[in-house]
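There's a structure below that I have some questions on.
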Amino acid sequence: MNQNIWITFPELLIWFPLLAGLVAFMIRKENVVKNWAILSSLITLGISIVSIVYADNSKHFYLNNVSYFWLRYLGSNFTLGLDGMGHMLTALTAVAFPLIFIATNRTSYKSANAFYGLMLLTQSGLMGVFTAMDLLVFYFFWELAVIPAYFLCSRWGGERRIQATFKFFVYTFTGSLLMLVGIIYLYMHTGPSANADHSFSMNAIYAAMLSPAEKNWLFWLFFIAFAIKMPVFPFHTWQPDTYEQAPTSTTMVLSGIMVKMGVFAVIRWILPVFPDAVTRFDNIVIGLSVIGMIYASLIAIKQDDLKRFVAYSSIAHIGLMCAAIFTKSEIGLQGVMIQMFSHGINIIGMWIVVDLIEKQTGTRKISELGGIAHKAPVLTIFLVVIALANIALPLTNAFVGEFMMFSGLFTFNFWYAAVAGLSIILAAVYTLNMIQKVFYGEANGVTEKIQEISFNQKLVLTVLVVMIFFFGVFPQPLFDVTKDTVLNIITRLK
Amino acid sequence: MGNIFQLVWLIPVLPLLGFLINGLGRKQVSKTMAGIIGSGTVLGSFVISLLVFMQLNSGNVPAAPFHYFDFINITALKIGFDFQIDPLSAVFLLIITGVGFLIHVYSTAYMHDEEPKDFAKYFAYLNLFVFSMLLLVMGANFVIMFIGWEGVGLCSYLLIGFWFKNNNYNIAAKKAFIMNRIGDLGFLLAVFWLISKLGTADYQTVFANVSTLTVTDITGITMLLFVGAMGKSAQIPLYTWLPDAMAGPTPVSALIHAATMVTAGIYMIARSNILYTMAPVTQGVVAIVGLSTAILAATIALKQNDIKKVLAYSTVSQLGYMFLALGVGAYTGAVFHVMTHAFFKALLFLGAGSVIHAMSGEQDIRNMGGLKKYMSITHITFLLACLAIAGMPPFSGFFSKDEILAAAFAKNPLLWGVGVAGAIMTAFYMFRLYAMTFLGKFRGTHEQEHHLHESPKAITIPLIILAILSVIGGLVGIPEVFMHGGHRLEAFLAPVFAQSNALTEKHHLSHATEYMLMGVSVAAALAALVFAWSKFSKYQKVEKEETGLGKVLANKWYVDELYDTIIVKPVLALAKYFNNIFEKKGIDGFVNGVGKAVNYGSRQIRLLQSGQVGIYVLMMVLGMLLFFIIQLFL
Amino acid sequence: MNAIILTAIWGVMMMLGGAFIKSKTTPKYLAIIGLAGILVANCMQMNSGTAFFMVDVKDMLHFNSFNLTFINVAFGCTLLFFLLSGRDIEKVGENVSEYFALIFFILCGVAIISTFNSLVMLFIGIEIVSIPLYILTGSDKRNLKSNEAALKYFLMGAFSTGIMLLGIAFLYGGSATGSFYIDNIISGNAPMPPMIAIGLVLLLISMSFKVSAAPFHFWTPDVYDGAPTVFTSFMATIVKAAAFFAFVRLFENAFGSMHQQWQTLIVILIAATLLIGNLTAVFQQSVKRMLAYSSIAQAGFMLFALFALNNLAKEGLVLYAAAYSLASIGIFAILIKMKDYTIEGFNGLGKEQPLLAVTATVFLLSLTGIPLTAGFQSKFFMLMAAVQTGQHIWLVIFAVLCAAISAYYYFRIIQAMFFKEAAADAVILTEDITPAFKILLLITAVLIIGLGLFPHFLTNWLYF
Amino acid sequence: MSITEILFWGLAALALFSAVMVVASKSPVHSILYLIVVFFAISGHYILLNAQFLAIVNIIVYAGAIMVLFLFVVMLMNLNAESEPKKHRMLQFAGLISGGCLFLVLIAALSETAQATSLVQMGGGNSGLIKNLGMVLFKDYVLPFEISSVLFLSAMIGAVVIGKKERS
Amino acid sequence: MEIKWYIGLAVALFCTGIVGVLTRRNSIIIFMCIELMLNAVNLLLVAFSKMHAASAVMQSNPNVVSDAQIFVFFIMVVAAAEVSVGLAIIVMLYRNTHSVDVNFLNRLKN
């Protein structure tokens, strides 16, 4: 086997955006930096696609896994790896960024170099989270992904940006510090590694010797950190504020990818490490998630602000993912996997449309809008498709995921599925309400001058819609990517 | 010509292609092209369906479903994108594509005033509608069925709200979609239940392993499936969307009411008949709900003045009959009634559309009258349809309705009695409608009168075809009493219901009883018919408020208001409470409260730092004391 | 030994130089050269054991890789401090070379208290550190705040000296052999006799005073606030770290074997320090005062070394000393250049001086404990050390919650620098920023990130 | 009671009384004078314990040099009794109570232990003599002795830095 | 004499000093009280040294006894140094404010 590969895919996925981001800081001209961002993110996408081609770890292990000494004497190595779930989420990250850059190409930012630099750094951090195979490395990237995002939101956001994003930061920071305590505790109970008494490597963590009581409280330390990030009711209140205040392209990253960090982390670090605690607390977590779904859906019905509207609908969807994870069923988990991807695609699409509307009309108030369908039919069609995908209409990508997640939830308990199912109805209510108020009816003064969308946006939305339908009809390729990961986790749970 | 089954996939794909062409190229295609593409693709599907039907009829039944690709294929669950062709789906395919094609043709004329791109959009939606329905019918498992199931819901939403500038239409569309989603939830839960118990959603496997399920499981699954059917097929309590769905263009109503959508529930229960046969409790519920719906809708129809509303409630009522049939185990009867109903209800709607077209959009029958002399083809076809729906022999409705009533009688004479009452009301309101529209004197404005005209060919030809079908359609199911082996449909469908039939012993009514039943129901309906004819042919418009029961009926038993009060308003109030108070003051209040507490604590604790050395030293000494006490004495 | 004697000699040199050199800038260069030389000499002692002076220390001082590394860290940070803030020392008053001489004497004391093995040396070392500090605090003579700070510091410092001496007396009286050698005071882990216990508590209190652990921290904010900012920078970093090192050294060697018996006190200290430090810092408007409180808060984390007293803790302490000192020296160096010491004074710095703002951000992130910075690694080591003991996990959780609060006040500065605009005609800085200053800041930032990525570059030295 | 004991109690009483008077007397000058008395009493104790060198040093350095310095400063500032207004009553009370408590706690902790009953060698022994101390100081304690020169240097610099008048 | 009397005396003096620090507001007197505390410690150390001298174990190592007295000597040294600096600070403050009252020292607070 060729071991002399000088760089592997996970490294490329991290270092390339990082480097590109640092280069972006140097570029003074706004247009150049924009194009550079698009170009580099497209290259990252290329890398990601190639990596999926070589996804088969049994054949190309050396391409997808890398480990070099880092904090060796602590038992932590800089270990990266791409398993199915990693492939899926790195692919999502790689797909999302070029789309975001292209879609928001028209928006001009003060000190664009810093903006794009930070965006690319965020990408690098996200890639790190999704590829880390060492708990300490994971924690590093977990925090590092948030810092540039914080700066992005606080620097280029809306009026109340400083407060809102600081709340977001402190909230997540608190969570991750709690997790840090858990990480250390876990580490202290791992077996020895080559150079140290303990080890942070994933396998060692999975094999940590813990008493059930310890697992119980450690579970919560980890879960709260992830729950805040996802966010799960009642840890969600930072989200609407942040989404509302952040610049739209950052919001896309936050909602499209960053919330997946939480979901991802639960699957990667909670399920295999604390299987007993997961079984013990599954009712609480699923209960919270289900309450959150209904709660957020109800609030979404009453939202008048488009951004907050999307935020609450996202909370409802994430709630389902969280609940499905804790069903510990293959169907549920597989559903979560595919839904992570689908939700990312759909919500980015939603934001693009919301951004367009806000840019053109200057308002996000649902009650002030109306009749856009008449003025901008193409935009309307895109939005309707994306919104319907968002509420999981069959043959769109989200249906497959939601179907499987509900199915998993049902297997777990009928009543959870039944109550959670109400959110399907509520989702229809709020989405159709929004469509009706924003797009249908007669155009008014605000929406009178709305223009059709530009080529860039049309391109991006078309790509999104094609993906929505493609994976709605042929989801199997995605399952093939994540199948092994899910089965591995399921075996660990038993 | 090779095996026609190899082309089965074309049946749904053709309308899908039509949808894509018309939808994506709606700015490019001309109206004519859009019409041809829209109708042509459905015609193509119809032709293939017909060939498939003929293959099946010749006894060449495919053993396994056609597998195209894996939809979901993981260890725990395999769901293929499979189509199943058997007699049941073949019958439905014919109805959908056949009646659907006629409606398409009809639409080319009816929608001619629309802008070209809206016209193309309309046909795209119609094609998508047909596509979804075909998917629903052809799917070889519950998941594919569900895809179509939601798809038709979506299409109904799009078409009902086709004229999206009018907010009332949008609200009606939304209502349709949401009501449907309530039903869909039930359907979904049933599918999950099946998957969790049997690990699959394929019909074949499910039906083969049905005996491994417990009674609770089967009852639960069938109940939930029935909830789905309630939504889609407009049964109590989820029927209120259907009359509102009249907001869409009239051909759409025809499509929804006759060929697609509402029959989905019937199809689904007929498809899973073995489950229902094994769940007598559910069957009872289905029968009772069906019958109640039939009666309730009929009573409402008595007092409606909107031509389409009357027809809408009549659909609800007829659907009730079909569920009654399903409930009493007369699956063939239900399918039969679906078929005949498709003919005459499509005809009624299209006829109504023709009338509305002629009346320049007027839908209130109090403003019509005497149209007989202006539009003869419409008039005659409409009359035939009315006779058919009223169950007059030998029109198609007679056979199917009679079969249902007979089956109901065999189960319980009370069911039959109520059913006949409904039939009487049906005859009454249909002929009230007919008489007020076509007989008597014209009551509209002069301008309207000036414009009155017979509709163009594209409208009348489908009417004529449907009229013929309405008249002779019943002949495929001539009951045993009239002719031995006359029930061709039953024979054709027998393989589908074989499993159920094996489980139920047939109550064979004596010929005498059957004749008696027929006689009673026909006589009663005829009496109502004559009464309505005579009463309303000389109808004069009078402005008077309805009172008493009449007012209740005219207001549809206030069901919408009831739902509004007990469901919509509390939910919205709860949402408002969450949004305005609980979220802000409760959860976020707590989160911010932590921040505020830190701030408050900071402000208080910094007062300790008083700047006075004396106090600092005192604090130190107190700390020292504390430490001594802890270390030395504790 | 090299370090102690050379710093003393160089201090005298600086003092004498003050009499002859009239130029104001020369002492700075002298000091930098001298300190660099001393650093080299100390490294030599470390690597090859080369000692320039053959002194029989009678076992009163112990030199090992641990404390020599710490001395390197402390002196290295001081060198950086000279480089960054040397020019600002010149601005405090006329007696420039005397200030440098005093700083060298302090460094001598720092070297003593990081190597002491006898309570006598501890006492003298601490006094050598303290007395020059009183003077430096009051060196801005016409500033009443500086006067006030000096007097407060002096009175309370002398008071705590009294407490320490009483403690030493009781330890001497209570020890079986009547010795001042710290490893002879107790033997085994039998229950403490009350005299030892009293001595221990008294020493604990006086050392807590020096490292400003609550509730013995009250002098800190006032003194740090009142002292000239350059000296605050020095006091709050190197001196404090040295006091911590002495604290841990004393308690590990003298009382380590009965660790369990006094752990409760440390727990209380940690909890109180973290709470008061973090909570009070939240409301401060003056960055200088805020940093004073933050130094208390950081002390809470450093106290974990005393709580755990294991290898991780000691490594972590050295790392913490380096990380915290580097970041604080950096942020103080920037603060000195500011016109307005309030947080509003930082408004718009990101636009005016991006490099300053970016490096300041690195320093603040390090103080907060964000990964990639040395601050994270040091907190991480401390938490690991604490968790390794397996006791009082709630305290660790409490600590991280307090760290979350700390984000609140550190980030206010970041917010001011990047997200807020300065008033149109506002002057943010008092003077021009030289390129050399920028480069030094950058080096500091790189050092912090380097330590954050590869802490073993430092901790490996501990096991030479 | 032996002579030693009588002397001990007498000196103890004197020391304590004077100490209290240091704290209690209104005039700073009186305080200083009382403090000198305390120092003398403590020197008496040193003599009782045969620590002759310390007794002498105590009188010379403390009572002689340091206290005179204090006296100078006080007189220089011309502080008198009235110049010190009353401290806050509550604070004074709290100070008194907490000081008393501290005393009680320490005494309570120590009084009942075995260590507390060890005997003190009175009078005898020659370790407190100047010759022995000199030997120890310059043999064993030469390092701290030398190092304390740094302390004095810094104190000296300090006094100069602080005391010198700044040129404006 | 038993050592406890010496301990009692020294602690009493020490606490008197503390009380003085706590109750007085003239910084010079506070400083004097601190000197009082130091002297209490000195007395205690000398007493302890003689206590160890009395115990049989220590006879073999007479240095131990001298240790404490040398320590006392160092304390005096340090005290002298402290006094010079302390008085300088007090005088400096007096020059600026014409007061030695610590209660007026509250420019720095909160």
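Brief remarks follow.
As written, the chains take the letters A, B, C, D and E, and residue 1 is the first residue of each chain.
Assume a contact is a pair of C-beta atoms (placed from the backbone, for glycine too) under 8 Å apart; a residue touches a chain by one contact, two chains touch by 3 or more.
In this text the structure is predicted, and so the values were computed from the model without any measurement.
Touching chain A and chain D at once are the following chains: B, C.
Listing every chain that touches chain A and chain B alike gives C. Two chain pairs are in question, C-E and C-D; the one with more C-beta pairs in contact is C-E. Of all chains, the one whose Cα centroid sits at the greatest distance from that of chain D is B. In this assembly, the chain whose C-alpha centre lies farthest from chain C is B. Innermost chain of the displayed assembly, by C-alpha centre distance to the whole-protein C-alpha centre, is A.
Measuring from the averaged C-alpha position of chain B to that of chain D gives a distance of 102 Å. One simple way to say how far apart two chains are is to compare their mean CA positions; for chain B and chain C this gives 78 Å.
If you average the Cα atoms of chain B and of chain E, the two centres end up 97 Å apart. The geometric centre of chain A is 42 Å away from that of chain C, both derived from CA atoms. Of all residues in chain A, those that touch two or more other chains are 170.
Shared contact sites, meaning residues of chain C that touch two or more other chains, fall at 120, 124, 127, 131, 134-135, 138, 141-142, 150, 152, 155, 159, 173, 194, 197-198, 221-222, 408. In chain B, the residues touching two or more other chains are 595, 606, 609, 611, 613-615, 617-618, 621-622, 624, 628, 632. Checking each pair of chains for touch leaves A-B, A-C, B-C, B-D, B-E, C-D, C-E, D-E. In the complex of the two chains, the chain B residues touching chain E come out as 606-607, 609-614, 617-618, 621.
Put simply, chain C touches chain A in their complex at residues 365, 370-372, 376, 380, 383-384, 387-388, 390, 393, 396-397, 400-401, 403-404, 407-408, 411, 415, 418-420, 454-456, 459. Interface of chain A with chain C (complex): residues 70-74, 139-140, 143-144, 147, 151, 154-155, 161-162, 166, 169-170, 173-174, 177-178, 180-181, 184-185, 187-188, 221.
Note for the complex: chain B touches chain A at residues 69-77, 81, 143, 146-151, 154, 157, 161, 164-165, 167, 170-171, 173-174, 177-178, 181-182, 184-185, 188-189, 191-193, 195-196, 571-572, 574-576, 578-580, 583, 587-588, 591-592, 595.
Note for the complex: chain D touches chain B at residues 87, 91, 94-95, 98-99, 101-102, 105-106, 109.
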